[in-house]
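Below, chain A partners chain B and then partners chain C, in two separate complexes.
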Partner chain A sequence: MATLTMYPDDERLSRGERSVFNLYLVSAVALFVLMMLLGLAMRMSQGNWLALAPDLFYRVLSMHGAGMVGTMGLVTTAVMWFFLRKYVTLHLWAFLANYVLFLLGALCIIGSIFIGNYAGLWTFLYPLPSQGMVWSPQSAAVFMVGYLLIGVGMLLFYLDAAAGIIRVFGNFARALGLQWLFGGQIDPSHPKAVVAGTMVIIANSLGILAGAVVLVLYLINIYDPQMVLNALLTKNLTYWFGHMYINATIYMGVIAVYELLPRYTGKPYSVSRPFLWSWAASTVFVIIVFPHHLLMDYAEPRWMAVTGQIISHGALFPVFLVTAYGALANVYHSGMRWTMPSRLMMLSLFGWAAGIVPAVIDGTISVNRVMHNTQWVPGHFHFYLLLGVLPMALALMYHVVGSRRQAPPDSGADRIGLPLYLVGGLVFVMAFLDAGRLSVARRMATHLPEWWPTDQAGAIGAALVILAMSYFAVRIGAGLLKAPADGDRAHAAG
Partner chain B sequence: MNAVDKRRTGLALIAFALLILPPVRHALQASMTAQMLLDIPLLVACGWLLAAAVPHAVRSALAGWNHGGVSGLLLASVTASVWMLPRALDAAVNDPWVDAARLVTVPLLIGLPLGLSWPRMGFVVRGVFLAELIATCFRLGWLYQISPVRLCSRFLLDDQQRLGTGLLVAGGVLFLYIAARLLWGNVASRDSM
Partner chain C sequence: MYQDIIWTVALAAMGLVALGFLWVISQAGKAADAASSQRAYHGANVLRRWLFGILLVVFAGVTWASLHRFPIPRQHAALDAAQVVDVIGRQWSWEVSTTTLTTGTPVEFRVTSGDVNHGFAIYAPDGRIVTQTQAMPGFTNRILYTFTEPGAYRVMCLEYCGLGHAPMVSEFQVVAPEGN
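And then the complex of A and B:
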């Protein structure tokens, strides 16, 4: 069970752990700001405020997509590691190996885009990568190798985490608490971080396996074009991989809410039967929900499309409802300590909740046919990533910064930065959603003049977000790198 | 050598003797499917079982060079990558010397190192090995099904496609078995790697 002690001893970081953990977080906040700047450039270009040549636009879009998804995976892995290591043995070498392989993968991706001119987007849909007009097959291959390296790194981390979980709990079923689904006395100390971590390991390992298969087949196709792949199967596997990867970031990030919220409310937040049911259901749902990305593919078997819609409607609710209800019940009448971590956690719950709504709407086949190729979809995923998942990670970062002086951060600049981030984020995502309502096509470098107002509004929102995020990055970076406070046993240990 | 080790060694030698009998060889090399899904796995299994015959002194001497079973895994992987080449399969059917090399190297350089290394491997190394094995089954299975040309000149296209299906099934079965063990089974998990 999550502790009520604000900075418990079992979260102390040794010197080596602190170094690697800081590498993750400092790299992540720096990458977020850089990727956001690329996003701003694209929105300004679409709004006719900046001249980006179309080929450069699609390269920037590829970098922004791959970079944001990868960085979100990196930072939420750090969240999972930070809390899971309290309950099971995790090896630092696996955590570090994931970081090193991520960096190598990122270098491949950056090289393929900015040296090799790859512009086939992060979804690398077949046969686009191998048939690009402005990039060579070799640069597409380097992009694929970059993804493979990132996937291998994450798989190593998951295997190490799985080993730790199995050593303590025996198997995944017991780690998920399946033995208490239909009865029995639930162990109140069963860690939510273990339940969520197990679910992520199961789901994302499957996704990485699918990615490892399809990416190698891409490489074979690039160097031997007579090996023609089945486009529909390839797309299914690509989205199975991509969908699971980005969804895993939510489920890794939410561990921060489970662990930290009770410390700020001062109320226990123990595991319950609905909680276990919701995570068990979501483990299945997140694996089979990916066909909702393929509702526009006429060749997709009908039963898969129907499954995609039904599971979309069902999958989004169990964990979210249980988490939101549980979190709000935990906050209610609690005398919450309103500091940056607690504010960010509440923002994340709002962002997750509100960001789901456009997804549920788009997951309906009849709506999807009209909306899926519009900016409604980037409106959805920017909503839950920018205002949901990223604040979860920021909450942990601020919490760790606070641990250096044994008090949660809450400066005047923080209190200005957060509303700026929220307002900017809302303007930014609402501009996307409104553009979706107006049927503005997504993934287009050049926009019609009629579309410019939403693009320009989005650019203004993005600029505000970047302003706030730049402040967060400096504040968090400086806070993490600052020497541990005197008498802080947490860091003296290192 | 204890009784179990003696039984395993005996079983390995008997199986190997059966596998090199001309009628058996002929049957197992008659199709690509049999060669890839029966012949090679059985030869690997012979080598794996033969690990029981390696004296403890030799094992101890090798252990210093085989931390976490990684060296053995590497040797097995490199050797396996040679015998996965279609050209190597063709040569084994055409040239008795190449076939003899295969009969020696597959058990001794794939099966035996794996048999010696598996107990030394931690959860992560085993996980990487099995994940890559499953992914390779799926990749090759898919590849053999879509290839418009024969990858081995000795075997027909329909045989190649049948092998593709077989590899997809093998990968699927292996995956389901491991998934079931992880979910509900009792999986040994060593502290190292």
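And then the complex of A and C:
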């Protein structure tokens, strides 16, 4: 169960742990700023404020997509590791191996894009990677190998975590708390981090395996073009992988909220039956909801499209009624201690709960018919990634930075940076959503003049976000890299 | 306009979420005593049950309203449309078999691809999408659509397909039937 002690002893980091944890977080904040700059360049180019040639634009788009998704995976893995290690044994070598493989994979991706000119986007829909015309199939293969390396790293981490969970709880079902779904006395100390971590391990391992299958098929196809693949099957596998990978970042990130929120409200925040039901349902939902990405593929069986819509709508229940509602009930009349971590947590819950609305609406087949692949789509996923998941990770980072002085940070600059981030973020995502209303296509290097106003509004919002994020990155980077406090040294020695 | 309705619904729902957060935040600083906390806990559980019921009714209603007439036409049986258009997407152009259609009678678009994935989206003269499907190699996706407004309709590619994705545009005319 989450503790009410602000900086409990079991969260202290040994010297080795601190080094690896800092590698994750410092890399992540630096990458976020860099990837945001690429995003700004694209929005400015679409709005006719900057001239990016189409070939460069699509390479930048490929880098931004793969880079952001990968970095979200990286930083939220650090969130999950930080808290899960309190309840089960996690081996530092697995955590480090994930980081090293991520870096190697990232190098492959960067090389394929900026040396090999690969521009087949992070979703790499078959058979575009091998028929891009302006890049070689070999550079596409390097991109795929990069993905495989990142996937292998994450699977290693999950396998280590799975072994740790099974050793303590016996099996995944008990770790998820399924034994209490229909009755029985719930153990109030059962950790939410274990419930969420188990769900992520189940779902994202399946997703990564699906991704690995399709990537290996692509590699075979690239070197033996006579082995033709089924475009619909590969698309299903690609979105099964992609959907679960990016959704896993939310479920890993929210562990920070479950663990930290009660320390700032001073109220217990233990597991309940609705909580266990919602995570059991979410485990199933996240695995089977991916057909909502294929609603405009009419060759897809009808039952899959119906499943995609119904499960998309059903996803509202756990997010609204359990996670967001439960957190708000914990905050209500709590005497909340408002500092940067608690503000960021509230922002993250709002970003997730509000951002899911346009996503769910787009999961309706008749809506998707006019919104699919318009800027409505980046509107909703940027909403819950930029204003939801990233603030979850930032909340933990700020919290850890405060551990040096045993006090959560709350400087004047922090108090200016957060509203800047919020306002910029809202302008940025609402510009996307409004462009979706106007049928502005996504992923186009050049835009019609009548589309420029929303592009330009989006660019202004992005610039504000980058200002705030650059400050956060410097503040967090400097805070993390400071020498450990005395207590930490003693812990490291022991 | 369908997109404007979607936008309004989304704004309203997101606005409700924002109001809920703002209200709780405004109440967060006031620490309650044990008795008040117990009452608030009980009240929150009652409210959650109500919200669950309301969401469930909305969920059931939306599901029925949006699916009882399935929005995607049959893909494996004859659609018997009066007008049929064959469409092939290729890097980076559209091959459209007919460039003049009439209002008031259904049109069947048979959409496929000669190379990679494309997105076949029809833009009305006012610049809004009226319908779309994916153009996939090895598959034919069929749209059934009845135009009500005459004018110049634009076809744009909505699935990224490489360097020439943005300029992959075509156009056809929709006219009122003769005699109207």
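Note that in this section the second predicted complex is superposed on the first by the 482 of 494 C-alpha atoms of A that agree within 3 Å, B and C clash if a C-alpha of one lies under 4 Å from a C-alpha of the other, contacts with A are read in each partner's own complex, and residues count from 1 in each chain.
The rule is short, and it goes like this: a residue touches a chain if its C-beta (ideal position, glycine included) is under 8 Å from a C-beta of that chain, and two chains touch if they have at least 3 such contacts.
From a predicted model like this one, the values you see are computed outputs, not experimental measurements.
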Mind checking the superposed model to see whether chain B and chain C fit together on chain A or clash?
-> fit
From the CA centre of chain A, what is the angle out to the CA centres of chain B and chain C, nearest 10°?
-> 100
Using the touch definition from the top, say if A:Ala94 reaches chain B (first), chain C (second), both or neither.
-> first
A:Met444 contacts which: chain B (first), chain C (second), both, neither?
-> second
Between chain B (first) and chain C (second), which, if any, makes contact with A:Met133: first, second, both or neither?
-> second
With both structures placed on chain A, which of the two partners, chain B or chain C, ends up touching more residues of chain A?
-> C
With the two structures laid over each other on chain A, which partner does A:Tyr58 touch: chain B (first), chain C (second), both, or neither?
-> second
If you stack the two complexes on chain A, which partner ends up touching A:Asn230: first (chain B), second (chain C), both, or neither?
-> both
First (chain B), second (chain C), both or neither touched by A:Ala413 = neither
Give one of first, second, both or neither to describe whether A:Ala30 is in contact with chain B, with chain C, with both, or with none.
-> neither
Looking at the superposed set of three chains, what is the minimum CA distance between chain B and chain C in Å?
-> 14
On chain A, the footprints of chain B and chain C overlap at residues 230
Residue ranges of chain A touching chain C (in the complex, touch as defined) = 54-55, 58, 119, 121, 125-128, 131-134, 230-232, 235, 265-267, 274, 296-299, 302, 305-306, 309-310, 313-314, 316-317, 320-321, 324-325, 328-329, 331-336, 338, 346, 349-350, 353-354, 357-358, 361, 364-367, 369-374, 433-434, 436-439, 441-447, 450
Chain C residues within the chain A interface of the complex | 2-4, 6-7, 9-10, 13-14, 17-18, 20-21, 24-25, 27-32, 36-37, 40-41, 44, 48, 51-52, 55, 59, 62-63, 66-67, 70-73, 75, 91, 115-117, 119, 121, 123, 127-134, 136-143, 156-167
Interface with chain A, chain B side, in the complex: residues 122-124, 127-128, 131-132, 134-135, 138-139, 142-143, 146-149, 175, 181-187, 189-191, 193
Interfacial residue positions of chain A with respect to chain B in the complex = 89, 91, 94, 155-156, 159-160, 162-163, 166-167, 170-173, 202, 205, 209, 212-213, 216-217, 220, 226-230
